[in-house]
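Each in structure tokens, the structures are laid out below.
Next come two complexes, and both contain chain A; in the first it sits with chain B, in the second with chain C.
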Partner chain A sequence: MIQYILFALATGLLFHGIHRKLIARIQGRPGPPVWQEILHTLKFSFKQTWIPDTASEVHFVGVVLISIAIWILALGVVIYEGSVLLLFAIYLLHKIVEHGMGLSSGSPYAKFGAIRSVISAASELPLFVTILLIYYFTGSLMLSDIIQWQASNGPLIIPAFPAAVAMYLIILSKMHFGPFSIIEGKEIVSGNRTEHFGVWRAGLEAGFAIKTYVLLNAFVLIFLGSFSLPVLVLIMAVILMTLSFVCAYCPLLGPYDTVTVQSLVTGVLLAYIIILEVVL
Partner chain B sequence: MFDLPIEGPALFSIPFGDIVDYASPYTLILFLFAALFTALAILSRPEQHADIIFGEDGVYTGRIPGPENRFQRFMAIACGLAAMGATVSGDIFNFCIFTSMVGLTCIGIVASSGNRHVLNAAFEYGIVTMIAMIPLFGGAAIVAATTGTLSIWELAGGAIAVPFVAKAFLVLGVMGEGMAPFYVAKAEITRAQGAPYILMIHVSSLLIFLRIIEIIITI
Partner chain C sequence: MQSRTGKKIAGTSLVIIILAELLPVAGMIPPWAGFILLVLSVPWFLLGLMLWWRAPGGESDLPFIGY
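So, the complex of A and B:
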């Protein structure tokens, strides 16, 4: 398991670096080297670390540890092909981490980020109907069963294309510099991450890197099927690049616009389910 | 014991007649998460609230007064306990009761705040919560009326058909307790001081939402 965690961490950080590089190149900037996020995390690990005087200390540190713990748990779910429901629960619990990060420091900028994280919880709606649609087609929410179903019926992305789009949107809403990244908008400094520096920031970067790896891996497993590791990573990288293009071209949406987009996607998915259930 | 391909096998169960409280890997993780944040609310001191003084180059910080702090902590712990109950309950009516308790305690957490915006938001949230209790308990009533039981254990796997409208009412009721798109007032009440306690508002609503998803797919 340790080697999986280290691999996911390194790959996730590399993906973040590729993401930054691609966005920069699309926007006509040279951008940082692709391994910059790995260097960043190493650098933060050895920098001076402090807890702000105004912070709730236990809470300030606790959310960092919880962030790492829940995404390692999610990685375990993906590796051992556990329940998708559990995976999505962890995705929603990550919202608590974002919220806690913002509230714990006492900084007004971080608090704005935290309040926005509550608003961005609208992404739970497309997630909810995605789960329903996966269950509708495969009759199971266990990853092992979903992979088996695809082995005999073909990729799930074909019959459940709207669900794949919704999950793509869910991953997009968690990408840095994306149209839904309202919690870390520059108008509120770095949002909920404003006060987390040094080892705490390194811990958060590590947790977020594993998160990116897990979400992309889960997308491939759920909608395309099982592949050998090199092919899996290649497909994940291609999906990441498409996400980077979206992030590079789409401006940051307003908080309530993000809710509107996510609610509309939910509406379309619900309509699709009703058509499947009633009409077909 | 049931082993549905939704959340994995039941790890253990405690029967009370036909009501069987149980834990699966899924519900156990939700329970542990609620317990963890309840422990954080017990152990953490609140942050010092910093506010920007608009038009001037400065900020001011404030501490929560002792009595207010104790009341917030008490309500946050009560909220955590209600969330824990909701995550492991094997009975739909008990789940609804715990969900309602979450709604009430969430208002209690911010009730002692002196901020007018927070109190207004809490008032609006309270109204939405109370209205949402109608479809919530209505859903439970329809389940009881059509199937003769409220036990999730008995209803699991579609052994007894549960009407779609009952499931829809249950989801609607939980959404009213603070999920999108009814959560606008809830976002506003998180402006109140006391991070470890305010966080419990968000934790509890996400946990009950995750539990209701599991319940409606299971039954």
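So, the complex of A and C:
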């Protein structure tokens, strides 16, 4: 099992590097090499590290441990083909990490990031409707059942396309440099990550790398089906590239604009469900 | 935090990681229990390892409050 964790960690960091490289190339910059995020994480791990005087020590360090632990747990849910509900519950737990990072250090910029994290809770709205639509079509929320359903009925993305769009939006909202990345906007320095440096930042980067791997893997399993590992990673990379294109072309939205967009998507999805259930 | 503490944390959690891999294979604990052990030990191992090999020195100070 540890090999899966290390693989997810390395692949996730590599994905982050590809993401940065693609955004840079689209914007006409050379950009860093694709393995830059792996080097970046190693670099942070070698740096001098301490806890700010104003920080709540347990909280400050705890969020780093929680960040890594919850995404390893999510990886387990995906590998053992467990419940989508559990996967999305872990996704909601990630909010604790975002809030905790911002509130634990005592930095005003990090606190702004934490407040924006509360606002960006709207990004979880499409999640609930996605779950509803997945259940509507497959009659189950177990990944194993959803994969089996797709083996006999074809990819779920075809009948449940709006749900796939919503989950794509959910993944987009958690990508670095994306239009919904308001919690780490540069106008608030590094947002909720401002004071987490050195070893703490390296730990967070590790957790976020596993998060990216898990979310992309879950997207493929839920909407396209089960594949061999090389094909799976290839499909995940293609989806990541599309995300990079969106991130490269869309500017960072204002906090209230992100809520508006995500609420509108939820509204459209709800309308789709009502049409499916009542009209058809 | 001393780098010696990091070394101890990394060492202890590495033992737990090895047990989490071996015990399910030996049939002494179910696979899910081994996995839960990994969830609990891998974050400590990563942080412990990095605290061990990080550059020494540095003092805590006030957070960054602006340019």
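Here, the second predicted complex is superposed on the first by the 280 of 280 C-alpha atoms of A that agree within 3 Å, B and C clash if a C-alpha of one lies under 4 Å from a C-alpha of the other, contacts with A are read in each partner's own complex, and residues count from 1 in each chain.
The definition used in the following text is that contacts are C-beta pairs under 8 Å (C-beta built on N, C-alpha and C of every residue); 3 or more make two chains touch, one makes a residue touch a chain.
Predicted model, so just to flag it, every value in this text is computed and none were measured.
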item: Touched partner set for A:105, first chain B, second chain C, both or neither; value: both
item: Which superposed partner A:73 touches (first chain B, second chain C, both, neither); value: both
item: Touched partner set for A:1, first chain B, second chain C, both or neither; value: second
item: Chain B versus chain C as contact partner of A:226, first or second or both or neither; value: neither
item: Touched partner set for A:148, first chain B, second chain C, both or neither; value: neither
item: Touching partner for A:55 - first (chain B), second (chain C), both, neither; value: both
item: First, second, both or neither for A:114, with chain B first and chain C second; value: first
item: Touching partner for A:36 - first (chain B), second (chain C), both, neither; value: neither
item: Chain B/chain C common contact set on chain A; value: 53-55, 66, 73, 105-108
item: Chain A to chain C touching residues, read off their complex; value: 1-2, 5, 45-55, 61, 64-69, 72-73, 76, 80, 105-110, 189, 194-195, 198-199, 202-203, 206-207
item: Parts of chain A lying in touch with chain B, wherever the complex brings them together; value: 53-59, 62, 66, 73, 82-83, 85-86, 89, 92-93, 95-96, 99-100, 103-108, 111, 114-115, 118-119, 121-122, 124-125, 128, 131-132, 135, 139-142, 145, 259, 262-263
item: Chain A partner contacts - residues on chain B that touch it in the complex; value: 5-8, 25-26, 29-30, 33, 36-37, 40, 43-52, 59, 61, 179-181, 183-184, 186-188, 190-191, 195-196, 198-199, 202-203, 206, 209-210, 213-214, 217
item: Chain A contact footprint on chain C (complex, rising order); value: 1, 17, 20-21, 32, 34-35, 38-40, 42-44, 46-47, 49-51, 53-66
